[in-house]
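Note that the chains take the letters A, B, C, D and E in the order they are written out, and that residue 1 is the start of every chain.
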Amino acid sequence: MAEKQIKIVAFLCNWCSYGAADLAGVSRMQYSTDIRVIRVPCSGRIDAKLILSAFREGADGVWVSGCHPGECHYLEGNYYARRKFILMGNLMEHMGIDKDRLHFSWISSAEATKFAKVAQEVADTIVPMGPSDRFVKRAV
Amino acid sequence: MKDEVVEVEVGAMILSPGFKPFDPSEFDNYQYANHPNVMTAMEFERLLSASGPTEGHLVRLSDHKEPKKIAWFQCVGSRDMNKCDNKYCSSVCCMYALKEAVIAKEHAGDDLDCTIFYMDMRTHGKDFEQSLNSAVDQGVRLVRSRIHSVEPITGSDELNIRYVTEDGNVANEIFDIIVLSVGLEITPKVMELADKIGIELTDGNFADTDSFAPVETSRKGFFVCGAFQGPKDIPQSVVDSSAAAGEASALLSDARNTLTLKPEPVPEINIQGDRPRIGVFICKCGSNINGVVNVPDVSAYAASLPCVEYACDNLYTCSQDTQDSMTQIIKANNLNRIVVAACTPKTHEPLFQETLMNAGLNKYLFEMTNIRNHASWVHKDAPDLATQKAKDLVRMSVAKVALMEPLKEGTLTINPAAMVVGGGLSGMAAAKNLAEQGYQVHVVERQPRLGGQANNLYQTFKGEDIQQEVSSLAQAIEENENIQVHLNTTLENVEGFVGSFKSDLKCESKTSTIEHGVAVIATGALPLEPSEYSYGQDNRIITSLELDQKFIADDPGLKTMESAVFIQCVGSREPDRPYCSRVCCTHSIDNALELKKANPDMHIYILYRDIRTYGEREYIYQEAREKGIIFIRYSVDNKPKIRLKDDQVSVQVTDHILNRPIEIRTDLVTLATAIVPNKDERLANFFKVPLNEDGFFVERHAKLGPSEFATDGVFLCGLAHYPKPIDEAIAHGQAAASRAVTLIARKQIHTSGNVAYVNPVICSSCGVCISICPYSAPSFETEGKNQGKASINSVLCKGCGLCMASCRSGAIHLNGFDFNQLFSQITAIN
Amino acid sequence: MNMITRNIQKHAASLLKAETVDVFIGFKAGSFPMSAAPVIIKNPEQAQALIWDSNCRLNLANYLTNRTDKIGIVAKGCDSRSIVNHIIENKITRDQLHIIGVPCSGMVDKTKIASEFTDEITELREQEDSLVIKAGSETRILAKGEFLRSNCLSCTHRNPVLYDQLAADLVTEPVIENQFADVDKIESLSRDEKWLYFDDLIQNCIRCYACRNSCPLCFCPTCFVDESNPQWVGKGIDSTDVRTFHFLRAYHCAGRCTDCGACVEACPMDINVRDFTRKLNKDVLDMYGWEAGLDIKKRPPLDTFNPNDPDEYIK
Amino acid sequence: MEIIKIKKTAWPGGIDKARETYHLFGPVKDKSCHIFRPLENNIYPDMEYTSSTLSPKSVLFPQTQKILETSVDESEKNHHILTPVKQDNTPKAVIGIRPCDAKAMQLVKLNFDTKDYRDPYWCDAYESSTFIGLAANTPSIFDFSTSAGSGPFEEDGLDVLLVDCKDHYLAKVITEKGKSFLNTTGFNESTDQNKADQIIKDLKTCAEGIINSSIRTENLKEKTVLDLYNAPFWEDLAFSCISCGTCAYVCPTCWCFDIQDETRGSLVTRIRNWDTCMPPLFTQHASGHNPRGEKTQRVRQRFMHKLKYFEDKYDQGIMCIGCGRCVEKCPVNIDIRDICNLMNAYEPEKESAVSKLREK
Amino acid sequence: MKNPYTPYPVKIDEIEIATEDKSLKTFKFIFLNKEDEKKFSYQAGQFAELSIPGVGEIPIGIASSPVEKGFVKFTVFKTGVVTSHLHKMKTGDIMGIRGPLGNAFPWDNLQGKNLVIIGGGFAFTTLRSSIVFMLDPANRSKFGNVDVVYGARSPGMLLYREELFDWEKRADINMNITVDSTDNPEWKYNTGFVPTIVEKKIPKADKNTCAIVCGPPIMIKFTQPALKSLGYHDDQIIMSLENRMKCGIGMCGRCNIGKELVCKDGPVFTLEELKQTPGEF
C-alpha cells in the first residue's frame, strides 16, 4: 500500500486567514500540499468538537487560523476563541496528544507571506511525525 | 471596434481622470533611461508581482541575478522646482516606498538591504506611522539625503550612488537596483479637458477646490474626485469619490429613481424533500488552474462522487457564456446543489449565486472551493499532489453541498432618517448632504453650538476664514427643514439595528427617543492637553489652537513679538501615541506665515521631526522657507527643552546641521499638540463598532471602506476616524452621507441567510450565547412555550458562529457552516 | 446526633413549617456504611430524616436544576459554589433558594478507607475528628483528616460562599502550599507516559455517565455524545469514543468546575475523572485568575475575555 | 453428583491445562475493581474476591459487540449487504463465577432464547460456555441472594461449584459439561462424598447466615400491574436518581441493548452496545415524543420490570438474583431492597383509605 | 433458526413522492434473492425494519399487501436520521429489510366480521395493506361490510390518492375520504376531522363489527369517544402502536408497555388490552 498522504485540516476564518491564503496564491507563494482548507466565518466558530472531530476522522494535523486579536471582523470572536484554543490545546497536551499536531495562528488578510510561512511550518512539524495515531477513531 | 459618438444627458458630472506617474527619463543623473537596473516604483511593483515578468521573483533586470542591495529615491518629480515643475508633494510615495521595501525583504529574505533616500518621511496616513516603525524594525534603512548622481560601475551591473549626508559630506554607496519613487502628475490631456469645461486649476494643475467644498470644481455641477483634485492615496480617493457622488446626488435628488429598470425575478424552485442532485463545475481559469492541476481528471473524479449528477470543466467558469450555459445545465439536469471549483469565493461567490438564482435555485444551495489560490498557484511544482488536493477539495465541497438547504433572507425596512452624532464640520457636512438628498436628519451635539473644534480654528492653509465659513454652514444646517439639531444633548442608549435604530437622547434632564435607519458617527477628536514643554507654567507657552484664538481675537501682542518658536509633534509619533496628527505641520507653518505677515521682522523657528506638508500644502512650506522662517529638525530622543528664567522663555534645541545645541530666546512658544481621539467606548458599544488601540474608530476597510463600519447602517467620518484637515473632514462627512444614502435609498434590504438559530428543545438556557454575542443577537424568550430558552434575532446576527461554538448543548445551529456541514467536509478529507 | 445534623433538622422543619420553602433538599442516612443519600423533604415531620456526616459527598446543587418551586437546601462549600454557577447559568434563581450553609471539614474517601481493611466495613461512626470503623471482627479508629477525599484535601473553599443561614460556625480555610500537585505530577510525565496514564485511567470506563449525571454542571438536555445529526461519537466502549467523552465532558466544565468530586464519588469503576477537570481548573486559575462559583455576577472564563489574555503557542 | 477435591497447590497447573481446550475467563483485580476478563497465559483468576464490580455477563454479552458488517464501496461484491460477523465460539470456561451470577444467566436466557427468535450471539456464546462457580463463603454485606431466588451456594446455572476449604477446593460436578471441564484440568482427587457434602452444607448454612438483608417478594405476583404502577411512592423514590446507567450496567440480569452502525471508510459495522433504561433517550421517538421522558417513569420502569413485569411474563420469579451490586454502586443509594419491600407491601385500598382519613 | 438481525438484501425499485410536501415517499423494494420473498411472508398489520448499512434501522409498517407479489412497499415519513437518509436514496440502491415483525391485525378473528377502518395522516400504510388484502377477490367474501374513514390535513397530504379514489367508486367498500380543510372548489369528498366523520358516517356497533384505528395521537384521542358513542366496546377497537424500537424481536428492551413488547407482542392491541397496561407509548 502506498504511504498514506498526510492530511492537515486548516480551518481558516473567512475574513483574515482565508484572505491571506488567497493572497499567498495571488503572490504564487509555494507551500506544502498537505493542507486542506475548510472555510469558516470566524475563528470564533471553531470549537473543541470540530477539532476533535478532525483528529477522530483521521486528520494528521489541525490548524486553526483567524484574524489578529483586536482585528476580528466580528469584533471579539477571536478573543473568545483564544481562550478556548489555549485551554483545549493544554488539555490535549495533558492527555498526551502531540500538541505539535494542533496549531493556531493569527494571520491577517494582508499577511500572505506569514500564511505561506506558517502553512509550511505546520506541515514541516506534522509530516515528519507521520500519520496520527492518537484520538483516531478506527473500526471497532 | 469603431468609434461611436453617444450623447448622454446628465445633470451633473464627476471628474476622476486620475494622474500619470512622473516620467523620470529626462533626469539624466538617475540613469533611468540608460540602465535596466534603475526603474520606477511602478515598474518595481510589477517585478514584485506574481503575475509580473519574473513571476514575483526579485531579480536585477540586467542579468536576472538576485539583488543584495536596493535603493529607493524619494521625491522624484515631486517637491522639485529645479529639474521639473512639480512643487507639490505627491503624498503617497513615502508610504509606497516603505511598503515595497518591506515586501522586497519578505520576498528575498532579511539579508536584502533596502535603503530609502528621502527628505522628509511623510507617513501621515492612518496606521502609516506604525508601518514606518515596523519597516525600520525589519531593517529598512532610511537615509535623509538628496541624491546627487548615479553612476553605473563599469564591468559590473551595479550602480554607484553619490549623495550628500546630513552633515554635508559626500558619500558613495553601491546598489544593485535603484527604484525611483516617482510622483503623481496631471496629464496635458486632462488640463485640456479642464480648459474645455472651464474649470480652474491650481499651480500644480489640479482641479481647484474650496476647503469647504472639497469636491466641487469652480463650475457648478462639475465635481471632482481622486488625484485630479490633488495627489492622494487610496482611502482619500475613495472618500472623495463617495463625497462627489453624494454631492452630485444632492444636486439631482429630485430625479432619483426616475430612470431605473427592474429585472424580472426568476421564481425559486422548491427543492424541499428532493434528493441532492449535485452539479460540479470545475474551472481551468485559462491555464491558471489547468496549467498545474489536471482539471479534466478532477472533473471525471467529481462525476463519480455520490449524488453528483453532472460534472464538467470550463475554460473560464466565470465568463458570461459559461454562466449562461450553467443556467441551462442546471435546468436541463434538474440540479439542485452546485459546486464550483475555481478561484476564491471571496470575490466570485456572489456571481455564481446569481447564476443559481437565474436558474431558479436558492442561492445558498452552493459551495465554492478554491483550487486556484489554494492549489494550482501554490503548488506549481507538484502537479500530481495539486491534482490530488483539488480532488480532495472537490470531494469535501460535494459532501458539504449535499447538506446545504435553501435559506430565506430576512427583509428589513429602512427608516429613511439618519442620526449624525457630532455637530462638528464633518458631521455638519454629512447632515447637510443627507438633508439635501431629501432625508430627515437628527444632529446630536453635546456642546451648546455647532461647529466642534472648527470653532477654535483661524484659517485654512488656503487662507479661508474658518469662523465665517463655520457659522454660515451652521446656519444652513439650522435652517434646513430636513434637519433637527439637538444641542446640549448626549446619546444615552441605542437599540435596534440597521434600518430601525432607536436612540435615547438626553438634553439637560429631559430624555427623548428618536428613530432612524442609519447613523453617522462624527464625534471628532480633541486637542492634547500637553504635559511637557512647561505648558501651563507661562502664558507665552501655548498650543496651536490657543494661537488661533489669538489670531481670531486679533491679539495686538502678536505684532510686537520679536521671536516665536513652534514645536512640532507634541504628543504625536511617540510610543504612547504612535501616529502622526497629520495637520500640525501645515497648521504651524500657516500660523508662522501669519505671524510673519503681522511682523515681517519676527524671528520664527519651527522645530520639527519631519515636515509633512503633503500635496499642495508644500507650497506654504516653500513660502515659509523663502520668508526666512527657520526650520530646525530635532530627534525624538533629543527633544527641545524649555527654560523659564528671569521672566524669559528660551528654547534649547540641537541644530541638526551643526549638530550643536542652540538656545533661542523667544516671546512665544507654540506647541503643535497631537489630536487625540475621544476613545468613546460607550458609543462604540452602542453601535457594536470597533475602536483601534489609539482610540480611533476602525472603518470597514482601511482602503476601500473608509466612511463606513463593518456594522451595517453605521457610518464614520471626520476626526473620529483619524486626524485630518478641514477639506478632508468635510469630504469625509459628505462621503459618509453618500454611503448612508446607498442604504436608505433602497428602502428595504435583505439580510444574509447564513445566520444562527436555536433549537429550543436542546437549549439549556445557560446564557453563554447571550453573554458573548458581540451583536446582542441572542436573548431569552420572554413568553410562549419556549420561555426562558435562547433565541436569535436573525436581523442582528452576523453569522460568525461564536455562539454556536460556545454552546455546550449543541442547541445552536449556523446556516451554511453548521456542524454537520463542516463535519461532512472533515470526514471527506481522506 | 451531631450538632450540624440537629441544626439542619431544626432549620428545615421551621422553613417548611413557615412555608418559607416548598421543599427541602438534604441528605438522609444511607442504607449501608459510609453512604448517604440525597433526599427531598416536603413536610416538617420528615425533617428528622436529615443528617450530616462525612459521607455527604454528592453535590446537591445537581438537584436544583430547572426546579420552579421554593427550595431549602443544605450546601457545603463546593455545593454552594455550584449553586452560584447554577444561578449564573439560569438553572435556578437566588430568590427560590434558602441555603443552609454547612462549613465543611471534608468528606471521607470510602475507597481509601476500605483499602485499609481486608474485610468489608460493616460500620463507621464519627467521633470528633476520628472515625470508628468495624470491619469483620476488627474495630479500629482512624484519624479523619488522613482519609479525606483528595479534592477535599486540596479544597480552599470549605465555607459556603452563598447562604442564608449557617448550620455551624465558619471554619478557617486551610492554606495549601500546592493546590495542584496532582496535576503537576501528570504534567511532569512525558507525552507517551501521559497518553498511557490516561489510557489506563479510563480503561474500565463503562460509559454509564454517572460522572456526568452526578455533576451539577452537566445539565444539557442532550449531551454531545448523544447527538445524532451527525452522530459523531460512537456509543460503545471504543477507546477513542471513551476518550472523546471524557475530554469533551471535562472541557465543557472548564472554568465552571468547583472540584466537588461528585463525579469521582459517583463512578462505579473508581475512575478518578478529576484528572481531566483538574488540569483545566489549574489553567483557568493560572491564566485567568479564576475559581468557579465565587461570585453570582461573574460569568465563567470562557464566556468572557481579556484583550491581554495569554496566547503562548498561537503563531 | 460427584464431588472431587482440588488442592490449591495443584490449582494453577490444572488451570493451565484447561487453557489448551478452553478460553478461560475469570475475575481479575484491576486497581480497586474486580472484572471478568479473558485470562491470558500466566494470568489466574483471583479466587479471593468477594464480588466483581461488573457482573460476568460481559463474557456472553460484551458491552460492545460487532454483529453484522458490510462494505459500502459499490465496486465491491455484495456491497451494502449486511452479513453476520463471525464470533469466536471456541469453548469458554468462566472460572470463579459467583453462583448468583450464574443463576442470572438463566434469567437472561429467557430473553435471548425464545420460541420465536434466538439471539445467536448470546445463545452460541452461552452454549459454548462452562460455568465453574465459586461458592461465596462470606457473602458481601450487599448480598441478599437468599431472598431473591438464589444464594451463595446456588447451583442452578453452574456446571461445577467450587467451595473454598482453605487449602483446597471441593468441586461439586453439576453437569456433564462441568465434568468435561474437570477432565481437561486433570483434577480428579477423590474425597469422601458424604463428608464433602456435609462440609459444603455446613459452609452453605454458615454463608447464608452471614447474609443479613433480604427482600420480600411473595405478594408481588398477585398485585395488579396498574395498582403498583400508579402507586404514590415512585416520585419520592426517584427523586435522587441521576439517570445514569450504573445499576443496569453492573446488573447481571439486565440485558437491554442498543444497535448502532459505524462507518470507517467503506467498512460498515453494525454494533450492539449495552443500553440502559435510565436515560431519557432510551425510549425517545424520532419525533421527540417520549413515553418515559420523566425520571420517575424510568425509575418505575426499572423496578416494575425487574420485580413485576418479568414475573408476569415468564413466571420465573423476579429479575434479580440479589447480588447487591446496584445497591453498592448506585451513586445516590437507591436501594432495590427497600423498593421491593415497598412494592410487596403496597396495598392500594389501604393507601387510599389512609389518604381519605388524612383528608378528613 | 435464522440470525434474526440479518436483513434480507433488497434493491430500491421505485420511489414515489407520496404527499405534496414531499415529507413522505413510498419505496418499492424487490428482494435481491428471490427465495427471500417467500421467507418474508407477512400479514397486513406487520412491520419490518428498514436497514441502511452505515446509517441504521427503522421500523416501518408494511404498506404493500400480502396479495401483492414480487415486491414490498413502505411509505416513510422523513423524521429522523434513518428516514432522512432513506429519502436521499435513489432507485437501484441496495439496502436491507428485516422482518416481517410483530403480530398482525387479528385476521383469523376478523373473518366473517364487518370492519371499520379508521385512519389519519400518514398512519394509513398498514391500513392500505389491509384494505387491499380484503378487497382481493379471494378474500372479499371472508369479510362483511368494510367501512373506511381516512383523513388528512389537505387533499395533497392523502396517501395513495389514486387508489382511494378508485375504492371510492367501488360497491364493496364504503369509503369516507376527508380532509381537515381545503380551498380546492373541486374537492368532492368530505371536509372535517376524522372523529366527526366517524360519528356521522360509521355504522353503529354490533357484536359482529370491529374497528381498526391508526392515526396521530390527537385523532385517536377523539376517535375513541366517537366510537364509544356508536356502541363500540374496547375489545372491538383494534389499534396499532408505535414505540422506539431497535431489535424488533423483543430483546433489546425499550419498546415495552408493561410486560408487553410492542415489537413482538404488538404492535396490534385491542383497546381493552391496552387499558390494562401502563400507557407508555
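Basically, contacts are C-beta pairs under 8 Å (C-beta built on N, C-alpha and C of every residue); 3 or more make two chains touch, one makes a residue touch a chain.
All of these numbers come straight from a predicted model, not from anything done at the bench.
Chemist: Mind listing the touching groups among the other chains when subunit B isn't counted?
Modeler: one piece
Chemist: Please give the intersection of the contact partners of subunit B with those of subunit D.
Modeler: Intersection of subunit B and subunit D contact lists gives A, C, E.
Chemist: If you average the Cα atoms of each chain, whose average lands nearest the overall Cα average?
Modeler: Chain nearest the centroid of all protein C-alpha atoms: A.
Chemist: Which pair, A-C or A-B, has more C-beta contacts?
Modeler: Looking at A-C and A-B side by side, A-B shows more C-beta contacts.
Chemist: Could you put a whole-Å number on the gap between the CA centroids of subunit D and subunit E?
Modeler: That gives a centre separation of 39 Å.
Chemist: Express in whole angstrom the distance between the two chain centres, defined as the mean CA positions of subunit C and subunit E.
Modeler: The separation of the two C-alpha centroids amounts to 51 Å.
Chemist: How many angstrom lie between the CA centroids of subunit C and subunit D, rounded to a whole number?
Modeler: Here the centre of subunit D sits 31 Å away from the centre of subunit C.
Chemist: If you average the CA atoms of subunit B and of subunit E, how far apart do the two points sit, in angstrom?
Modeler: Computed from C-alpha means, the inter-chain centre distance equals 67 Å.
Chemist: If I count partner chains per residue in subunit D, which residues reach a count of at least 2?
Modeler: In subunit D, the residues touching two or more other chains are 64, 258, 260, 262, 265, 271.
Chemist: Give me the residue numbers in subunit E that touch at least two other chains, ranges are fine.
Modeler: 80-81
Chemist: At which residue positions does subunit A touch at least two other chains?
Modeler: In subunit A, the residues touching two or more other chains are 49, 53, 70, 76, 80, 84, 137-138, 140.
Chemist: So what shape is it, when you link every pair of chains that touch: line, ring, star, complete or other?
Modeler: Other.
Chemist: According to the definition already given, which pairs of chains are in contact?
Modeler: Every touching chain pair, ordered by label, is A-B, A-C, A-D, B-C, B-E, C-D, C-E, D-E.
Chemist: Quick check on the complex: what are the subunit B residues that touch subunit C?
Modeler: 761-768, 771-772, 780, 788, 806, 808-811, 819-820, 823-824
Chemist: Considering the complex alone, what residue numbers of subunit E touch subunit B?
Modeler: Listed in rising order, the residues of subunit E that touch subunit B are 17, 21-23, 25, 78, 87-90.
Chemist: Note which residues of subunit E are touching subunit C in the complex, please.
Modeler: For this pair, the touching residues of subunit E are 80-81.
Chemist: Would you tell me which residues of subunit C are touching subunit E in their complex?
Modeler: 228-229, 231
Chemist: Can you list the subunit A residues touching subunit D in their complex?
Modeler: 137-140
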